[in-house]
Structures are given as C-alpha cells and as structure tokens.
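Heads up, the thing below is written out as structure tokens.
For reference, chains read A, B, C and D in written order, and residue numbers begin at 1 within each chain.
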Amino acid sequence: MKKPNLLKLSLSKLTLALGLCLAATSASADLLDDVKERGVLNVGTEFHFAPFAYLDAGQQSGLNLELMERVGSELGVSINWIDLPWPSVLPGLEAGNYDFVAGPAMITQERKLRYNFTLPIADATVAILKRADDDSIQTPEDISGKAAGGGRGTAQLEQLKAFAAELPEPPTITEYVDYSQTYADLAAGRIDAVANSLPNIAYTATQRPMFEVVQPPFGQPAFFGYMARNDEESASLVEAINEVLLSMHEDGSLSELQTKWFGAPMDIPSEDFEPEI
Amino acid sequence: MFDWPTFLFSLPLLGKALLITLQTSLLGNAIGFVIGTLIASMQLAKMPLLRRLGGSYIFIFRGVPLLVQLLVIYYLAPMFGLPNLPPMVAAIMALSLCSGAYIAEILRGGLLAIPSGQREAAHLLGMSRPAILLRVELPQAVQSTLPSLVNELVLLIKSSALVSVVGLADLTRVAQNLASSDYLFFQHYLVLAGIYCLINIPLTMFGRRLERHLERSLA
Amino acid sequence: MTFDLSIITANADAIWNAFLVTIYTWLAGSVLGLIAGLLIAALMLFGGRPLQRLLRVFIELVRGTPFLVILFLVYYGGPSFGLRLGAITAGVVCIAGYSSVYFAEIFRSGFAAVPRGQLEAGECLGLGRLQLMWRVQLPQMLVLILPSIINMLTILCKETAVLSIITVPELTAVLTGIGTRTFTFIETLLVLCIAYLLLIEITSRAGRWLERRVGTYLQR
Amino acid sequence: MPLSLSPSTSPPAASNLEATPKGPDKASPIIHLSAVGKRFGNHQVLADINLSVHHSEVVCLIGPSGSGKSTLLRSMAFLEEYDEGEIHIEGRLLGWEIDDRGRRKHAGRTRLNQARRNLGIVFQQFNLWPHMTALGNVTEALVRVRGIKRNEAEKRAMEVLDKVGLAEKAKEYPARLSGGQQQRVAIARALAMEPKIMLFDEPTSALDPELVGEVLAVMKQLALEGMTMVVVTHEMGFAAQVADTVVFLDQGSIVTRGTPSEVFRDTQHPRLRQFLQNYLDRNAFWHTTTEQEN
C-alpha cells in the first residue's frame, strides 16, 4: 500500500470543505409561514441557565418555557426544545438546525449585527457570585488576583475579561461549557467568583444559600433577548414574536413572569434600542 | 454518602436516556458497518483513485477527534442540504461516519486474509465483483473479525457519551443534568459509569469468548 | 459564506498556548499511563491471585467507562471527598489512569509473546525474574508492542479534545471558544481538524521510523 | 590451548555448601533419582523412576513420544516439578525442602539456583534471545549472574564460541544463523557457565536433517572430553556410538536400560523391539545397510 501523502491529504480535505461551502444552498421560503405550516417552532437553548431554562429534577423548567408557551399559543404552533451546550447554540442557529434561539442571550452591538434579536425580555447586567462564607470578596474589585469563571462563548465572560483587565492583579479566568459547571466549581472551591447576569445569579443564590451575590453589578447595563438568523426569511418570525412580547408588556403578563422568576418586575425597553456593550 | 431516594428517582430518567444511547450507538454501528464495507472494498480495489479515496476517508475520520467530528457535522450538515437536522440523526451520522473508518480497517484485514483462489474460483463461475464481495468474501471476513467488531461496538457505545454536543439527551447528558440540579456529582457519575459498565463488560466478555472460540476453531 | 483565516493569525498566541496545553496533557498523561501500565502488567504477572483479581476488576471497570465519564467522576466527583485537582492536572491524571489499563493489556500480551523457553533458558543460567524481565522480555516485547503503543498514543491524542469539556484550555476549547465569540465556526473547526491530523500523522510516522530502527535484529 | 570443559578441572562450585563432596568422587553418582513420579491430574507422566548418573557418564534417554523422557530430563533441572520421590544433584535435594514437620515445600530461589549452577541445559527450540548477538547470548549470564567484568566475560565467551566453531559468527543475531548454528550457540551459552552436567532435550529434533551432524559433532567432542551428559534423543546412531548407558522409557516408566549393545542388540523386551522396529521402518531406505553392519 502507498503511504498516505500528508500534504496531499490535507489539501484534499481542504478542497472538500471548500467545495461543501460552495454547494451550500439556502432555503427561500418565509420562515414564519414554514413554522405555521409544520405547526412546530424548533427552539434551541441550553438547559443549564437557571432560571430561564434549567432542569428541575430532570424536568425542563424556567421562564423561557412559560414565555415561549405564550408565544406558541398566539402563533398557533407547538414549541420543540433542543437542548445544547451553549458554545453549540449559536452555530446551530446559523447552520439552520432550528428556527430560533430562546437562550436568552445578552444583546450586544456585535451580536446585533450578526443576529435578529427580539425585544428584551429581562435585565442582563453582569455581577459576581461568591461563596457566602468567603469574606474576602465584598466588592467586585476584590476578585483581583483570585480565580473566576464564566461560560465559554458568552457575552458575560467577555465582560468579565474586560473588567478583569482593569484590575491591579487580573484574576485567572476559567471558561466553562455551561454555568452549572461554574457553580459546581465555585462550590468545590476551585474558583472564587462566577460572573453571570444578575437574574441568573440572584436566582441561584436564593436556591442555594451557600452562594451570595456581590453588589453592585460590575457590568454595563444590558438586556437579554431571543434571537433568529439575520436574514429575510426570519424577519417575519421575529416581528410576530415581538408583537406577542409587546402585548405581554401591555397586559402585564411579562412583569408577572419576571416577578415569579426574579422576585421583582424589571424595567426593560419595549422598543428597539442601542446596546451599550 | 449515597442518596438512595435520589438514585431511585433518577432511574426512570436514566432508563429512557439509556435507550437513546443504545439506539444511537447500535444504529451508528450498523450504518458504520455498511460504510466500513464500502471503504474496505474501495481500499482493496484495483483503481488507484478508489484506493486513495478510501485511504483519505480513513485518514480523516481516524485522525480527527470524534468531538470535533460531531461539531463539524453539526455545523456543516446544512451545507449537504440537510437543514433542521434532528439531533438524533446528527449523532447517528457522526458515529457511523467515524466507526465506518475503524470498521473498514478491521474488515480490510479480514478480507486480505481470504485466499485469492476463492475469488478466482467465484469469478470463473461467472459471479460479478459485488456479488463475490457480498456472498463469498464478506461473510468470511465478518466471521474472522467478529471479536474486533464487537470490540468496536463497545468503543462506539463509549464514544456516544459525546453526542450531547449536538443536542441529544443521551445517558451522559441526563446524568450531567441530574448532577447539576442537585450537586450530587459523584453519585450520579458513579451510577452513570456503572450503567456503561453493565453494558460494556458483558459485551467485552462476549467478544473475548468469541475470540477464544475462533482461535480454537482455527487451531 | 465568508472564509476568513485572519481570525487564526489574530489569535495566534492563544492558539499556540492551547496547542502546548494539548501536547502537555497528551504526553504527560501518556508517559504516566505507560509507567502505570507497565506496573500493572508486572503486578499481574508476579502478584498473587487476590491482587490479580483486583487489578482485573480495575481494568474491566475503566475499560467499560467512557473517557468523558471518568473525567466527570474525577473532576466534578472528586471534590466530594477532598480530591480537588486543577483542570489540567485532572486531565493528565485521567489520561494516565484511562490509558494505564490499555497499556497494561498491551504489556501483558507483550510479556506473553516472548516464548516461555527463553525464560527457562535464562532461569537455568541463574538469571533472576527481574533480570529476565528487564534484559530478555522488555527489549523484545517493545518491538512487538510498539505498533500497539503508537496506536494507543494517537487515540489518546484525540481524547485530549474531550478535556475541553472540563475547562482545560486546550486546542478544542480555545478554538471553539474563538469560533463562538467571533462567529468564525468554519475556519476554527477547519484549523482544529488540520491540527489533529498533523499531530497524528507525525506520531504515526515517528512510530514507523522507530519500528524500523529497533527491529533490526529481526532482519535476516 | 583449548578450553578444557571436563568437570575435574572446573572450579568447585558453591564451595560453601556443607553437603558438596570435595573433588570428583567417581564412586558416588552426580545425579541420583529415587522413585521419582509426576502426575498431571489423573495422568501419571512419570512413575517410580530410579536412575543414577556418574561422573563423565553419558546417558541417553530414548522412547516413543509421550513416553515422559523430556519431562524426566526437565525434572532434573526442576523445570518440571516432580511430586513424588527425590532427585539429588551432588548429594543435595533438588527443588524441594523438607520443613520441620517433615513436609515438602518449594526450595528458595537461591537454593534452586545453587543446585542449577551444576547444570547446563540445551533445549529443542534453542531458546536463544533473539535481540542479543551470539556473543551477547553467551556473555549475558557471565556478567549478570557470575558478576564477571564485561570484557573478561566476552573473552571467555569467544573461547567457548570458538570451541563450537562459531567464533566468526559472534556478532550475528540469531535470526541470521542457521538452526544448527543457533543450537551450537545455545550449547556455548550453557558451557560458558562451566557446568558439571549437561542436559540435552532433543537438541536436534528441530533441525533440518543436513544440520544435525554439526550439532552431534560438538556433543561427541564434549563426551570425549569427559563431560557428564544426559541426552534425550531420537538419534539412535549417536546413542549407539556415544552413550555409556541407554535408558528406554515408555508410558512414564523405565522399561529397560543398559549399554548400547545390550539395549539395541540383545534386548528381548517386546516394547523396545517394537519401538526400534518402527524407528528402522521409518528410515527404511538404509535398512539393509544397517543390517549388514549388525
């Protein structure tokens, strides 16, 4: 047998991949029509993001489910949830593996260019979670020189990195596949601080008294939204969902949901806005 | 140390997930076998182009970690014209493409061990090349490589622990979810390891018995 | 679809460091695994029945469990009884532990492949068990088992990708991280594939060269 | 000056052992087997073997395959554990120890090695170490066991290799040697340790017929020099020419024994006659010549 020629093989692999890129075809119909026709809205998310989407004793649970249920009933479709590790969620959306992402994801300038976001659904300002018995951290700046963690590929992690760079002695930062793992390592003592959006860590701290939120939040004011692909087919879907969100603003059901899951209603924009980050 | 109520509660959930794990790995293995047969026969073909294609396939799918392959398939599948790929399909696709490379290597060994006289005899009887492969050579190659094939199945069942990256709630993902909701990491992962062992160890022993049987029948 | 490799050059430092982490976890884990494997094989050869049984059970359990699950057990399960390893250390330990049982099986088959008579001849000349193992069995079996060892090394090289799941900042973790952050999934994955293919090709080439070198005495 | 290999001139081995008789004692046997037996499960491999081998005596063990002759030879080096009777080498019990309660237990490794120091063994399959050169094979035990410096050991090894006619092959690996040459290296490896007794276990059975002669020649030479030898063999010609005693085994027992002429010519024993007849039939093409010689 001939020995495989390394260079040739790598090249053939490269051409294969490039050929595939060229062969890519795009669906042309309107996504909202498609969804209504099949009666199912495929939604990607990650069920390690309490209280938006998480697993309570194996059962899917969280604000996302209740909110999207309302969306589903207004559009007359059922919701099919696809649970993925967060680093895979956005690529999956782009690849067309589902119609919509109810992450939720923090709305950033960069992401706004790339995706079609819905109206905000919650506050997303980033703060620090620490162990309750750890007295060495009183303000966000106290994480200087310590070990902190965040979710790989999240905007919260980027905020943490930006904040850390300003500190006299930048903390070591570990990147986790999901936030459940960061909380686990915080409990195990491998890290001293987790940076995540306030609603998430506030909820986690009420569920697990061993954790405590460090006030005030260190991040810029930010909001969570859902997203679709930034193409013509998806525009009508986002519009339709925005209408549902607006009606929920008006009838107070969005505030009700926020009170149920975060303990208090949140002040969030009900129209398009320019994110500060 | 061990929380029995939690364990009993988790069993039905793990049971359902086990079915998904078995479904993916068994189907992946079956399709992988078809791919493996194809690639192995390509490698033994006379045409240099076919041989090189078969070789490249094995080089790529054995050279890239399964985790990366899963990501690639998940991100790139739509370019094959497969949008809205259900997680189960993506997982089975990745597992079968990967195991196909390994099975091809196993079958190639088995096919090479068959005396060429048999092919010549079948050829003289007027059998076509595919017919010879399917009716004469493959059954023998499978028989002589069965222990390795069983071993490959065990490896695939273990590899399937990675399929959650394409969104499939397999055994590992469910245990991970359970652990992150009650923080009983050690317990859940121990149970998880136990379930894998309960499937894999008997399979391994079965493979070993086949091997001994084979050695005896050849001796 | 755009194809923009500048993202790779822009992050060259981070990727290089990740590459070093991959190499480190892979090689350190493998070397420890080889040593542990040799130890297990030797203990199974010379140890008493109960020890043999115990090691057999250990081998079967590790072989029956996916590498990812072993990682989870050690990294996330460890702290519940005070084993609090860093991610990289945990990665090295797991690769070592996981590979040790496979290496042990390879060594065991190697020991068995050296004909019994050669040992009898040595025994009759007064050579001790350890002398025979060191001078007669090991040098011969290294040639016999070299292909299996190289094969196992390539498998372990690929297993390091799984370490990304427990936060080890190796190639897969860093490149997919860059991909998610900058929306360059295709480019980063392609680089990832090529990096592993290169590593594995280099390993198997080195293996083939080594096989030719050490096998000279078998040539007629 | 050729290296002398006769036991009388080799240095007394293990002189610290009280039971070792000093110097050659032609009267008492160097190997003594009394009522030796061995069984594998229900199968009696050896039964009630009594045999003495004296200094400079050459004993050939013959018999059909499965008769237990190889097992008997291997028992003399304790490569097989005999479980009944006793084997004494130079007056010392081989392989076993009798404890305080009079029960038999395995002798320690050092004790076994001391007993084996007197023995050199040559196997059917040569059992050379393929990763060492011929010289390396011969030198290994001299260095590791006897603790002789490497260059001195190599000098001694070269002398022995020269004796078996292979000095010029010293640097070759076994794979590059013929079967006959490999077996001669194996003999040299055993001889280098200066044993008092050489045990040969079918040394020519694995060889192509045309290579048998060179090995037998070396063995004959050894016998002439007065080496004590026990040889399991199918080479009846060698046994007839060289042996002092021929022992015929069948089904694990000694059927008959005597000088070659007693065994080969005058025997009345039916099983031995059958065995020799089969042997002659196999080599029927020179049947007539042998009869004329007889």
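By our rule, contacts are C-beta pairs under 8 Å (C-beta built on N, C-alpha and C of every residue); 3 or more make two chains touch, one makes a residue touch a chain.
Bear in mind that the values here come from a model prediction, so they are computed numbers and not experimental data.
Novice: Looking at CA centres, what chain is most distant from chain C?
Specialist: Checked the centroid distances; the maximum from chain C is D.
Novice: Going by C-alpha centres, which chain is most central here?
Specialist: When every chain is reduced to its C-alpha mean, the one closest to the whole-protein mean is C.
Novice: Measuring from the mean C-alpha position of chain A to the mean C-alpha position of chain B, what distance in angstrom results?
Specialist: Comparing mean C-alpha positions, chain B is 34 Å from chain A.
Novice: Could you put a whole-Å number on the gap between the CA centroids of chain B and chain C?
Specialist: Here chain B and chain C have centroids separated by 21 Å.
Novice: What whole-number Å value describes the gap between the mean CA coordinates of chain B and chain D?
Specialist: Going by mean C-alpha positions, chain B sits 55 Å from chain D.
Novice: Please work out the Cα centroid separation of chain A and chain D, and write it as a whole number of Å.
Specialist: Once rounded, the distance between the two centres reads 82 Å.
Novice: Residues of chain B touching 2+ other chains?
Specialist: In chain B, residues 59-60, 71, 75-76, 176, 179, 185 touch at least two other chains, as defined above.
Novice: When you check chain A against every other chain, which residues touch at least two of them?
Specialist: 4, 9, 13, 17, 21, 24, 91, 94, 181, 184, 187
Novice: Among the residues of chain C, pick out those that touch two or more other chains and give their numbers.
Specialist: Chain C, residues with two or more chain partners: 76, 79, 164, 176, 185-186, 193, 197, 201.
Novice: Go through the chains and record each pair that touches.
Specialist: Listed by label, chains in contact pair as A-B, A-C, B-C, C-D.
Novice: What residues on chain B touch chain A, complex-wise?
Specialist: Residues 9-10, 13, 43, 51-52, 55-56, 59-60, 71, 74-81, 83-85, 87, 90, 164-167, 169, 173-174, 176-183, 185.
Novice: Show me the residue ranges of chain A that touch chain B in the complex, using the header's touch definition.
Specialist: Residues 1-2, 4, 9, 12-13, 17, 20-21, 23-25, 27, 42, 44, 47-48, 54-58, 82-85, 88, 91-92, 94-98, 178, 180-181, 183-184, 187 of chain A touch chain B in their complex.
Novice: Within the complex, which stretch of chain C touches chain D?
Specialist: 115, 117-118, 120-128, 131, 135-136, 139-140, 143, 217-220
Novice: Chain C touches which residues of chain A in the complex?
Specialist: The touching residues are 4, 6, 9-10, 13-14, 17-18, 21, 24, 86-87, 90-91, 94, 114, 149, 152-153, 158, 174-177, 181, 184-185, 187-190.
Novice: For a test of understanding, state which residues of chain C touch chain B in their complex under the given definition.
Specialist: It comes out as residues 60-61, 63-70, 72-73, 76-81, 154, 158-162, 164, 172, 176, 185-186, 189, 192-193, 196-197, 200-201.
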